[in-house]
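Here come two complexes built around subunit A, the first alongside subunit B, the second alongside subunit C.
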Partner chain A sequence: MISEKDIAYVADLAKIKLNDGEVKKFTSDLNDIVEYAAMLKEVDVTGIEPMYSPNIDEGTPEREDAVKLSLTQSEALAASRYVDRGHFRVPKIIEGQ
Partner chain B sequence: MKEFEAVIGLEVHVQLNTASKIFCACSAEFGAEPNSHVCPVCMGFPGTLPVLNKAAADKAVQAGLALGCNIQKFSIFDRKSYFYPDLPKAYQITQMFYPICLGGFLNIDTGNGERRINLTRIHMEEDAGKLIHGEGEAAGYSYVDFNRASVPLIEIVSEPELRSAEEAKLYLQKLRTVLRYVKVSDCNMEEGSLRCDANVSVRPIGETKLGTKVEIKNMNSFRSVQRAIEYEIARQSEALSEGGIVRQETRLWDNDRGITLPMRSKENAHDYRYFPDPDLFPLKLTDEKIERLRRTIPELPDSRKGRFMGEYGLSAQDADLLVSEKDYADYYETALKTHKSPKGIANWIMSELLRVVNDKNLGIFETGIPPESIAKLVALIESGAISGKQGKEVFAEAVKTGKTPDAIVREKGMSQLSDKGELYGIVESVIRENPNETERFKNGEEKLLGFFVGLVMKESRGKANPKMVNDILKETLK
Partner chain C sequence: MDILNHSLASLAVLLEKRELSSRELVGFYINRIERYDGKLLAYLYKDPEGALKKAEDYDERRAKGEKLPKCAGLPCALKDLIVTSDMPTTCASKMLEGFISPFDATAAKNMRKAGYISLGKLNMDQYAMGSSGESSYFQKTANPWDYSRVPGGSSSGSASAVAARLTPLAISSDTGGSIRQPAGFCGVTGLKPTYGRVSRFGVVSYASSLDQLGPITNSVEDAAFIMDTLGLHDPADSTSAPSKTDFYANLQAAGDDLKGVKLGLPEGYLSDLAPGLKVAVENALKECEKLGAEIVGVDFPLAAKGLPVYQMIANAEAASNLAKYDGVKYGHRANLPELEEMYSVTRREGFGPEVKKRIILGTYILLEGQYEEYYRRAMRIRRLIRRGYDEAFKKCDLIVGPVSAGVAFRFGDKTISAMEMYLNDLFTVLLNLNGSCGITVPCGFAEDNLPVGLQFQGDMFAEDKLLRIAHIYQKTTGWHKYIPALEGDDR
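This part shows the complex of A and B:
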């Protein structure tokens, strides 16, 4: 069972603010979803390898190690309103101080 | 105070020296203009898809082979989710559950004999961007450069088998040497292409259970790794012997103050919600490919050291120095092909050539003295054609001009006088002209030998072969 505490925790991890009503709603919604998915537990999977990917036979495609043109600095920065001397500017974050 | 022993495990991040990034074709080069090696993929724009760089996977396998790992034919990329401004997608692509290499080991030479340190695993992942923290007026801001975002890394995790700060340093240095042999990284700690976190705990000697571990970060040199671990062992031992406890936490090394400080971070910041990245299929390796990469692995330092001692009669210490960089060992063995004097050439490389290499911060093949020249120089000295002192002059001139030893000796008219008949002639005339000293010498004043040697050298204008002069004088004055 997913509790309201779990929902608050997940919302905090995802940096989403939820009011009390939303916490209640998502608790019930998510429990419905988990309960529905729990039907899979009825299937006997003894001896069956988990399917990590639909392309298990070939494996991931690879590319040669060749450099292609990147964005220019101004193109790279164009989508942000907060830029300074070639950098993206963000509120100061120093973990640990 | 009770006696404690330390239990240390290292997590080492190594930047692979590929041309392009791990999941896109941007340049992975260090030191470019900020945000000029970026594209929609490494900046995490919606709708973009990662494609694995073949060379990054190959280099991860080569590192694993050089470290005796069990290469996994099936590995998976996972997402590690957290919010931080240097992480554009808000997740890092890494390998949590099925890494590319398991096991492996590294031998370190502790001075009390060799110790085998086992590895847990090696996995592949992408690097984060770089944050610069503003100061002064900009103190409220951090500045983000995504050039480093998605540069390929391997993380090499050791078992908690290191027992001292010194061993941790030796492990790191050896790891660097081996990875440089297989040319997967330049492993430069100052530039950040080799980074190390340490897990440190202590326990009373005799105890078998592990103590509470503390993770230390932010060490930027071999020296600071050693100092940080030493500090941490002392701090934890003191806390425990005073009846206190060690808190499980992450601490940052403050290099200027020489202490570790607890890192403040949110309680749940380390719930990374790993899950397989649906954008990347599993990485599959065939036996053929692993074998092909195995054939690229050169003779590694441990084996080469043993061979240098056995085949060339070098001491362990000399062999250690010569195999510490693959280029040194290659240079040495190339020189031996020209003149087979294993100890003579080793001495010239270690005393003269490596001084130039270190002073000028050059590669050993870049000093202007190719291996053939050092060999030729040693041959000239050993044959008596020039003296050891002249050899140093020739060496200095060769560093300056890039000329061969033969040419320098010829131009400077340096060749040493080693003609026996001519030397006898000079010795005899010197003895004839100094009957008093000759008499005194014969009566036991042996320190006068130097006086005669000096006169012969003067007579020959410094060219006489000093060893031969000594021998002839002793013989004639008998």
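This part shows the complex of A and C:
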């Protein structure tokens, strides 16, 4: 059973600020989903390796490690409204000054 | 000239012979968009001037005798999660409202190189999370067969626009059925290629081990035609398969019957279906038999477990993929003075309720205490599902059945229970877990004149076989030729 406290904790980990109404609603919805998923426990998975991707068993392809052009600084900054002297501007994270 | 009677291949020939100009063709679709999209709301972004200019440019170059790419001047449209540097890409979210990518997705680049002209970007469920199109931040696309009903999701705008002939084709994505289910609801053809068949580079990720791009078109023939452009290897996507460009050529040798073809029908697949839909699907199976196919029963032992397995995997991957939306480099930002607060309010404001719910669920099942029990267990069952498919394909060429249990539902109908909404994906998610290819083709109409989709599922990289069988069924029955009567824009 997932509690409202669990949801608040997970929301904090996921960095999403929820209001009380959302915490209530998500707690109820997630309990429904997890309850439904309980049927997975009936399946015997002894000795079965996880399948993380449809074609990962064939191995990871390799390519030449070649130098290629990537985005320029101005292209990389173009989609942000918070730009300052060639950098992304964020709130102050170091105390003092 | 009746443009709507021509396949993409035939339009390409007409353009090349200069019996049709690209301006006429692109203009034809732009006129339809102007006339009908005010009510359908399939497009999130349109670029009529830009499209016409490109069309005129191709016409001029063609008149000068210049050698042009094979699809030069054909129109197309893209689901709004394929990034492009010439139009915004929003994923139908507030988070990416107005976002213009500094680069193009490989699929968009390949389309442009082949000569396609983009009419615009198509609406969808926000971040491709939904089965009705209703979770778009901007607008709710209508189903052209009945405007009070949903077009399905997440490729709501794509399926609706193709059905209404507001574009001859849409490039969409399918993570748990997002191409096949809306194609069924709107009476069009939707192909989900094998994982790796089409590059995912530049496609906004939902669940990386399930996402795959594919076309929504008005026929199987058109789907094969466009796959020759989409099926190129891409070094930028480590899961990209070797190039394949003979889908259309192989389809030309399809023949006219299904003799020797075995179609597998999983047990119980026809039990809980809406009555009219069930009749249409049963008739389709009879039609396949008349064409010479044999319907064989196949065992699909873990079919009922597909949905929870999908939910665990898709949401865990989503929680991880969507962590990058922090308001720093692009997209929405809540301009607050404290960093942690900035992150959490940005994500609160930028994501819709469904997206938030899936991130929270995904984060929950990745917690230390839950990871083994839910996530890893789901990944193990996924392998058992793969084995189930492998066994089934020893007995049959394709698996056949419905793509949804019911026809398109009314707006708001299923917003009450979240679980009920997720059950829409029951017939489609297994294929994404396996990673192989599948297609929806229209197979008739149920109550209230609503279209019904028939789903064929194939093995890994078995597109040629899938397209051949679906094409023979389609050209014999002709259900794809019905066009919905549209309401003109009289707002």
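One rule holds for everything that comes next: the second predicted complex is superposed on the first by the 92 of 97 C-alpha atoms of A that agree within 3 Å, B and C clash if a C-alpha of one lies under 4 Å from a C-alpha of the other, contacts with A are read in each partner's own complex, and residues count from 1 in each chain.
The definition used in the following text is that a contact is a pair of C-beta atoms (placed from the backbone, for glycine too) under 8 Å apart; a residue touches a chain by one contact, two chains touch by 3 or more.
In this text the structure is predicted, and so the values were computed from the model without any measurement.
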item	value
Partner chain(s) touched by A:A37 [first = subunit B, second = subunit C, both, neither]	second
Which of subunit B and subunit C A:N55 touches, first, second, both or neither	both
Which of subunit B and subunit C A:P91 touches, first, second, both or neither	both
Which of subunit B and subunit C A:S3 touches, first, second, both or neither	neither
Contacts of A:E22 with subunit B and subunit C, given as first, second, both or neither	second
Partner chain(s) touched by A:V45 [first = subunit B, second = subunit C, both, neither]	second
Subunit B versus subunit C, judged by how many residues of subunit A each one touches	C
Which superposed partner A:A78 touches (first subunit B, second subunit C, both, neither)	second
Partner chain in contact with A:R63 - subunit B first, subunit C second, else both or neither	both
Which superposed partner A:L13 touches (first subunit B, second subunit C, both, neither)	both
Intersection of subunit A interface sets (partners subunit B, subunit C)	12-13, 15, 52-53, 55, 60-61, 63, 71, 76, 88, 90-93
Subunit C residues within the subunit A interface of the complex	99-103, 194-196, 208-209, 235, 238-239, 241, 302, 304-305, 307-309, 311-312, 319, 323, 326, 328-331, 333, 335-345, 347-348, 351, 353, 356-357, 359-361, 363-364, 367, 373-374, 376-384, 386, 417-419, 422, 434-436, 460
Complex contacts: residues of subunit A adjacent to subunit C	2, 6-7, 10-18, 22, 26, 29-30, 32-34, 36-37, 39-41, 43, 45, 48-55, 60-61, 63, 71, 75-76, 78-82, 88, 90-93
Residues of subunit A that touch subunit B when the two form their complex	9, 12-13, 15, 52-53, 55-56, 58-68, 70-73, 76-77, 84-97
List of subunit B residues in touch with subunit A within their complex	18-20, 25-27, 33-40, 43, 51-57, 76-77, 81, 83-85, 98, 131-134, 138-146, 250, 252, 261-265, 268, 271, 273, 276, 278, 280-284
